[in-house]
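Below: the structure, in structure tokens.
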Amino acid sequence: MIKPHPDLNVCTQELLDVAGYREQVPRVADMIINHCDIGECFTHIDNDPIPSKTSVIDILKQFRRIIFPGYFERHRLDPVNFRYTIGQATTALFDSLSVQISHAIRHDCLRYHKACEACEQTGHQAALEVLEQIPGLRKKLTADVQASFDNDPAAKSVDEVIFSYPGIFAIMVYRIAHELFIRNIPLLPRTMTEYAHSVTGIDIHPGAKIGERFVIDHGTGVVIGETTVIGDRVRIYQGVTLGALSLPPDAVEELRTQKRHPTIEDDVIVYSGTTILGGKTTIGARSTIGGNVWLTRSVEPDTTVFIETPKLIYKTLQEKAS
Amino acid sequence: MIKPHPDLNVCTQELLDVAGYREQVPRVADMIINHCDIGECFTHIDNDPIPSKTSVIDILKQFRRIIFPGYFERHRLDPVNFRYTIGQATTALFDSLSVQISHAIRHDCLRYHKACEACEQTGHQAALEVLEQIPGLRKKLTADVQASFDNDPAAKSVDEVIFSYPGIFAIMVYRIAHELFIRNIPLLPRTMTEYAHSVTGIDIHPGAKIGERFVIDHGTGVVIGETTVIGDRVRIYQGVTLGALSLPPDAVEELRTQKRHPTIEDDVIVYSGTTILGGKTTIGARSTIGGNVWLTRSVEPDTTVFIETPKLIYKTLQEKAS
Amino acid sequence: MIKPHPDLNVCTQELLDVAGYREQVPRVADMIINHCDIGECFTHIDNDPIPSKTSVIDILKQFRRIIFPGYFERHRLDPVNFRYTIGQATTALFDSLSVQISHAIRHDCLRYHKACEACEQTGHQAALEVLEQIPGLRKKLTADVQASFDNDPAAKSVDEVIFSYPGIFAIMVYRIAHELFIRNIPLLPRTMTEYAHSVTGIDIHPGAKIGERFVIDHGTGVVIGETTVIGDRVRIYQGVTLGALSLPPDAVEELRTQKRHPTIEDDVIVYSGTTILGGKTTIGARSTIGGNVWLTRSVEPDTTVFIETPKLIYKTLQEKAS
């Protein structure tokens, strides 16, 4: 009899040879397949395709190449090939985007048993509309990049900001996803912003409304909820939550359509670790909210808010020894 | 003489041509190789293969395709190809998993100089056992998805939750890794959960015990330590740490086998930024712990705990100017 | 007339067929191309190549294979192929690194309209210099790995630490990037550390100075600013910020060259969620800073600092009901 590794918790009376285990795989596969039939799991088995997460990520990369031409090319972009490269990239983006939007719409139609007579056409129309926003998106993102550079003494160049700043990546993805969100395209907007969340630690819901020259520095742990409204020239730091107040579970359904997250007016700064909650909470223009603040009510314009420094207790090693 | 870029700190007396530098690479390579011989580095040079991180990530993707059929396919899954696709996926998963478990076991055997007479057979047996858990895993994850949807007013559909919620991804990876952990498979469980940590910012040790309908919202910064015990229907938010109290370094060895992390009973909610520490700390059933709380002792069932709001200091611009 | 999906907000009077939308893409592409011409966007269109983010990520993986031989190979590394594998890897790394450094230098030269007479040679020289640091880097990283293992009761083996600990990955990338940073290579160092930030949630600026046996546990949310100085045997936990004090926007330019971030002396421990700010703030040797502390002034050596526990308010369900 073959004995197993002494530390392992596998239920073994007698080990079979390797082929003996492999022969049992079809039995296990049948169990897995049949278990699904009896409805204890979420499946997506039907005759229509579902959006592809991989394609959505590719779409974001295509947008980035077009929005910041030359920065994310594998080969150099020069005045000779510029028009061809961007023209080709735009066409490819249209093709991917129209397919994914069509899939998302059809998936949604089937889900709610509504008849969508023209998922494919509508998907193409929506994709074209979104592409038409690119010059506007680019202008906004150019201003966002400039604002990040202007406010950060550690930034060495605008190129470094475009290349590597997570805040810029998260804001870019949010601005793209928001264009889909306001057109009620299902599934794709959140898939986009959660991809950015994964890459940057910055979680911006595509439904939020965000003004110009927005800066997120460092960014890990930032949460910006669905119905947040943010003005122009706002800066927030790592670990800031703009969230909802907690409410009883039976209120979830009616909350889906209400403003649950705060309003941050123009020129506000919110330092790291601060939490601002509630749909009726407004931070007035030009206010500064210090770090680690927990706010659930409004602040007047032109106000500085910080916490009374918690009393710190100091002990020296000597004292501890005595 | 060629002069270098004026800003660069490279030690240059006179620049060689490009080939001149390349010719020196073998000298540097020898230095690197020989440095390793004298034992100042960790190497893994032996006749047996080590688990592959890339393969572990692929294994997680294979699990996901089987647990949520149709959601993460590149091509559509329909009633015609469903059985074949899942059957094929299950076989492929068995093959990858049995190889990686075998490598991990053999690697461990060699490390501790124990004789494992049957690493390969044991690996296959363990892989089969883990596959047999898939229907149970799927049932648990279905309940987790439903709980996330039920509690989040921003969720548009169950599909959106499966597609994009980081909490669901982290819980799925944890539940898979836990099945390996409780069978004492080395290396793989932590590699799996650290991959999820990387993707989501949610750090769940594979040794934690977690009940049904578990919800992690947003999730960035969540830490759940090795000996944490979590009941059913628990919800936690971004930045929550369920951790260990700090202890003197000479205690590390004996601590490796003790309960060092808290117990969270059924139906508890822990809001963002809260830290709960210690192996004897128990949060009683149905309690709610507010945001930014720091807790190192137990809380009775049916209790709400929050911090006395730190005094906020407000200054208007006018006051500051005066 | 075809009607669109009833929920969608796309501006539709009458839907065209699919080809009708695709025919409009060239018009949109022209708009996108011409918009760029009028200068409202950042572009990188010139005759010289820019560093490639994908290549920078590959370079980090090549470094890792050389620094920890055998751990991140797809095939096994044994005494027979060891010398060839490392020799080949070192040559390949030199080739990639010299190209990327050359691109970064030339990009920078063009940016500031300085004449760099020898970007390519300097790039090769710098790459060789950095490669010569590998034995030293490996020695430091070996000590970092050992320190992580020694301090973590949840670590099962040194291999697990190398394989999966995000702190080790972030520290490795920082130590590599720092070698480029101190040689004033533009763009690449920050691209490297922001990649590690993306993977781990740990944001270490390549300019920071960090001693031996450095431990970052869990790590999500850690921020270490550009001019931070950290001694030997320091340990920090998730959510720790070593940052700059906020200053008026018109001070940004002069701040670019000043010490803005704290000094952490030997043997200091900083627990989770703590923020330490300011270029004149020094935490003296052997001090311990508790969790959630907010510090903007120096601490003497051998001191323990923690916050006076905020008063917690407990309510039982009964009390709430009454």
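Note that the chains take the letters A, B and C in the order they are written out, and that residue 1 is the start of every chain.
Going forward, a contact is a pair of C-beta atoms (placed from the backbone, for glycine too) under 8 Å apart; a residue touches a chain by one contact, two chains touch by 3 or more.
This one's a predicted model, so the numbers in the text were calculated from it and none came from an experiment.
*Asks:* For chain A superposed on chain C via Cα atoms, how large is the rotation, as a multiple of 5°?
*Replies:* With C-alpha atoms aligned, the rotation comes to 120 degrees.
*Asks:* Answer with same or different: of all residue numbers used at the interface between chain B and chain C, are over half used by both copies?
*Replies:* Under half shared, hence different.
*Asks:* Starting from the mean Cα coordinates of chain B and chain C, work out the distance between those two points in Å.
*Replies:* So the centre of chain B lies 20 Å away from the centre of chain C.
*Asks:* By the touch rule stated above, which residues of chain A touch at least two different other chains?
*Replies:* Expected reply: 108, 201, 220-221, 239, 273, 292, 310.
*Asks:* Would you pull the chain B residues touching chain A in the complex into a rising list?
*Replies:* 66-79, 82-83, 86-87, 90-91, 94-95, 98, 105, 108-109, 114, 116-122, 124-129, 131-132, 134-135, 138-139, 141-142, 145, 150-154, 156-160, 162-166, 182-185, 199-201, 218, 220-221, 238-239, 269, 271-273, 291-292, 309-318, 320
*Asks:* Can you name the residues of chain B that touch chain C in the complex?
*Replies:* 2-12, 15-18, 21-22, 24-26, 28-33, 35-36, 40-54, 107-108, 111, 186-187, 190-191, 194-195, 197-198, 201, 203, 205, 207, 220-221, 223, 225-226, 239, 241, 243-244, 246, 249, 252-253, 255-256, 258, 260, 273, 275, 286, 292-295, 299-300, 302-308, 310
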